[in-house]
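There are two complexes below, and they share chain A, which is joined by chain B in the first and by chain C in the second.
For the complex of A and B:
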């Protein structure tokens, strides 16, 4: 009993000593929610790489304060994410959060973030309503919304590719629904028509049944997939004797999986707020750094986490490293303005969503490697595209049945 | 007309993949009474091993052999050192196989990173086979051929060989088979290795269609379970017919009733469990 008591007091003293030491150095504690196990682990690893790169670029210090990253593995499961967020904030004393990876994870901690008033920067979750109909005052996003890049793609398909009829095949979950709906809206507004929408389950074992159903009258196919599904779909597509050109969502041919693809991906036209092939000095420097450290091109997750961390830096500089006034820090986060980044110039709208340059990209082979060559850029695209925010927000959030196939 | 033919072929091809996966599962389940919940993980691990073999410059065909062999060795080790110690405790065995499945899944993320990977298909089988308006992937036709050959081979093994007779005796009545002098302790590792090998080789074979990714194991395992429950425990014919039924339901169901894809897939299982708990071709285990 006495031994236990001694043990307790020693631990307590050690803990106390640690606390005082850390107060003296005053590092800023950033809780980072990533995924290291399960189906989303690849994206999680790329996020960690992007974040590390940014921290290294700042030599672990922002606005004169040491940055201490506390990493938690959410396994990509919303229930675990909630627990990890609580651990990070209540046990580890995280003052800012970066993460989580998936939209349903972000939704799972939405209420908790509001209760604890913890600033959180999303490096990946794209669900529209997080910055639209249900904005969280403590939330900003460092990436585009689901439809943000696909509004321009719809217009491009109609106006410049002159497609009249398009069949959509998309993952049957919110991300796929939102991408498909955004694309359809602008495509049809410019005279095109979506003649078919096929929803394949997120964990569809194979795509043969869907490829066989594609309407022969379609001029092209818009394939909106997340995770590794793009690999499966494109791999099978040509083997079914299909010749129709393919348009892709940003994640269908994301650099994270493009490196695993072969000739089947050539010629796919997609849209995104990022491509590793964007030809600016800021991006070239970033891509070089990623290649040097990790031997691969950066994609969606790498650049998302990198930018989330740059957002943090930008906001910290505005408040000179002092985040004791959370409201002021939050205001700074929403006021982030980064003139040069891998994305190009980044500013936020009043909903906490970045206004981004959108690249129309085409998969080409260069130096023996596949890349998303930029063929056109739509500058400063808002999450509301060219619509008035008030009117945009009046219609329901994009879903499986909205916009409907007429 | 085209629709029915193409989706029929799709169903046949997917059913064929399911049979390759489920035959081993059914054999193990039938004889050893173990619901081997790591079977999906064996399938995934086999695909990864095959992929690494291909990366190392080996041909696709050799990669299938390597995948099968590697997983049968793993199966032998697990059977000898873990499952055998727990013999007679079915619940403990099931839980252990579930634990092994988790370990394999995380080991795969660790070794092969979490990147989804396509398994390159052999060049000679790429492309589409065309008849008039119809186009169907040659590789899938090949998979259908493999499944039917495998079914015939396994049937011959079980129905016509001495080993098969011993296995059938064990499936029907384990204690009586023992009493008759059949050394089931020797039979178990043989069947477990064979089942594991089928899972491993099947993973490589399915690779060009399914690709390999973390989660492949948990996507496939429920399908194997459905097939075996539908067809009947330990029945090869049951696994074969069950696979084809599920394959057809999968392709026609997803095309005709896309909103009900999963209901349709699991509905027959519920019906069979209610109306004929031993499955379509299963016999009452004693």
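For the complex of A and C:
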């Protein structure tokens, strides 16, 4: 089996060598880690679409160099992710990595990235500590951290929506914990009170038991879900006849799943660094392209991978396509500055984390389709919100048991 | 029973020579790392085979020992200040003690009950790893383990680590085959085939099975320690039911109750999962097809199946030197 694989790859490489021999500059090899099998495959496919769109927009060339994308399926398993990273770097000679999808995958290859000193751009993994308490000098992120969009949402809920008491229902894993804690921190700082936190397992079959536990004294419910869980939760919430308004995390009503929802999603207010309804020329062009190619609105994963690829382009232009000096390339990658993008203007902080405009969004129906209409924008929000980075980093990372310092 | 017939010894020697020369035969460190993963998976599968193949105890919780030993190794060496040797020894010892406890609980039942108890115990451990985030890092996992430098050899080098793992595989093969041939191993097989008769003959069947269970847990722990140093990272996935099931598949596909079967099975699964998946997106489907094929044409597993087919071919040629043994003969129930 291995011999066949070797044979196959050698033939492939020889073929490739023949094709490229005639060209002046060697192609730049970009390893792309996505998920094609298992529970995360839907997000993985959207990532592939986003990346492909960006490569097509650049006609396969960046800063005068051809871009060769080598895709690997991590199956959403940490140990496989490590093997795939080795495959991309050691066997296929990838010089830059884009991926992987899940935070635990990114953490699984953290040490390996440091050893091989391979620049990596994360298109979706949102774990706070990747750019906070365990910053990796070879890592930049093209999306927000878990709490980055939900610090503003907490303030918005208290100050503008005038909610006093909120019940949180969230997925019981690190992403859910971090979102909930970030929201709670700013909500309580502005005079609100989180009166209840319910953690539902990631693979919960139904949410009835959690919905019926929601405290009747709550003014609203903050529902923080990932993957397809938002669909199930909102549907059952309506079926139980619940009237309390819902606040959502970015992924609760992400465009990737919003198309599968109905009236139950109407009126949900959420926060995110992106909405397909952001009314800027750059975003309109992007959304148009996605609709044309894939017949759906871009969401979290699509835009994340698209932007990761734009980061690569921006950094390559800074170094004029010369990636041989890895330190210089990494400096350029940390120095990414994109004035116009679907996100709006994007710059990175010194930890490799973008400073993003955060949109407060409300689900509305327009032309028969649900969309996240932007109702307010918090410009240039840092991963540390308004806190001083040094002080922010001194406190432990947001977790399930996190409580605000009194 | 393990037959140490001549062809098998020759086959073993060839396999060992190929393994030793492996790093020179391949062009990239990537393949050396794949081979290391096969070695680690093979140790785990061999340890499970002690239960499944020789003890007739089908366990769906064998990832417990891999996971617990891996978590302990990473935690002790990277977060609790243990040295690499002390950490590894403590992890293996603690995991073996856990196997004693699990064996005590699981062996209250046999057959399907045993399977369900091992499954439940494994799920409890998975739940702890997933939920006790302050200790295990939750679903983000636990990282930061550094590979040791035994006798000044830098195990960060893939080839060095491959040989390091190979030493343990060799030890596992030797000790497990010794165990199977020993009185205890023979009585374990007796307890598998005729538990009531064994009891009537005065054997303590429970004790025999429990000791074998602990022995299997010990080798699972060795695999876990290697896994931790290889990946330098551990996450709840390691303890998940799918890991246990995958290990069981390795044993069944390769051939239960044989020495080389689990190694072949481990190689099959690791290569499909890591190498073939680069070329075929639907590799899970291919895995399924391969297993169905194995079950249809070689229900006893790849290693005994190949031996049987070779025997048939030889018979047709008219030189019945080694008569093919139908496997059912080995397993009167």
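One rule holds in what follows: the second predicted complex is superposed on the first by the 378 of 406 C-alpha atoms of A that agree within 3 Å, B and C clash if a C-alpha of one lies under 4 Å from a C-alpha of the other, contacts with A are read in each partner's own complex, and residues count from 1 in each chain.
In this section, a residue touches a chain if its C-beta (ideal position, glycine included) is under 8 Å from a C-beta of that chain, and two chains touch if they have at least 3 such contacts.
Keep in mind that what you see is a predicted model, and the values were worked out from it rather than measured.
Asker: Is A:209 in contact with chain B, with chain C, with both, or with neither (first, second, both, neither)?
Answerer: Touch status of A:209: first partner only.
Asker: Classify the contacts of A:124 with the two partner chains as first (chain B alone), second (chain C alone), both, or neither.
Answerer: Neither chain B nor chain C is touched by A:124.
Asker: In the superposed arrangement, which partner chain does A:283 touch: chain B (first), chain C (second), both, or neither?
Answerer: In the superposition, A:283 contacts neither chain B nor chain C.
Asker: In the superposed arrangement, does A:256 touch chain B (first), chain C (second), both or neither?
Answerer: first
Asker: Return first, second, both or neither, reflecting whether A:403 touches chain B, chain C, both chains, or no partner chain.
Answerer: In the superposed model, A:403 contacts neither chain B nor chain C.
Asker: Of the two partner chains, chain B (first) and chain C (second), which one does A:353 touch, if any: first, second, both, or neither?
Answerer: Neither partner.
Asker: Can A:37 be said to touch chain B (first), chain C (second), both, or neither?
Answerer: After superposing on A, A:37 lies in contact with both chain B and chain C.
Asker: Using the superposition on A, tell me which residues of chain A are in contact with chain B and, in the other complex, with chain C.
Answerer: Overlap of chain B and chain C footprints on chain A: residues 36-37.
Asker: Quick check on the complex: what are the chain B residues that touch chain A?
Answerer: 3, 6-7, 10, 13-14, 106, 109, 113-118, 120, 126-128, 130, 135-140, 208-211, 213-215, 219-220, 223, 250-251, 254-255, 258, 261-262
Asker: Looking at the complex, which residues from chain A come into contact with chain B?
Answerer: Touch residues, chain A against chain B: 36-45, 198-201, 203, 205-206, 208-210, 212-213, 227-228, 231-232, 235-236, 238-242, 256-257, 260-262.
Asker: Enumerate the contact residues on chain A facing chain C in the complex.
Answerer: On the chain A side, the touching residues are 1-2, 5-6, 8, 36-37, 72-73, 75, 77-80, 82-84, 86-87, 90-91, 103-104, 107-108, 110-112, 115, 127, 129, 172-174, 177, 399-401.
Asker: Under the stated contact criterion, what part of chain C meets chain A in this complex?
Answerer: Chain C residues touching chain A: 26-31, 33-34, 37, 130-131, 133-134, 138-141, 143-144, 156, 227, 231-233, 235, 237-238, 268, 271-279, 281-284.
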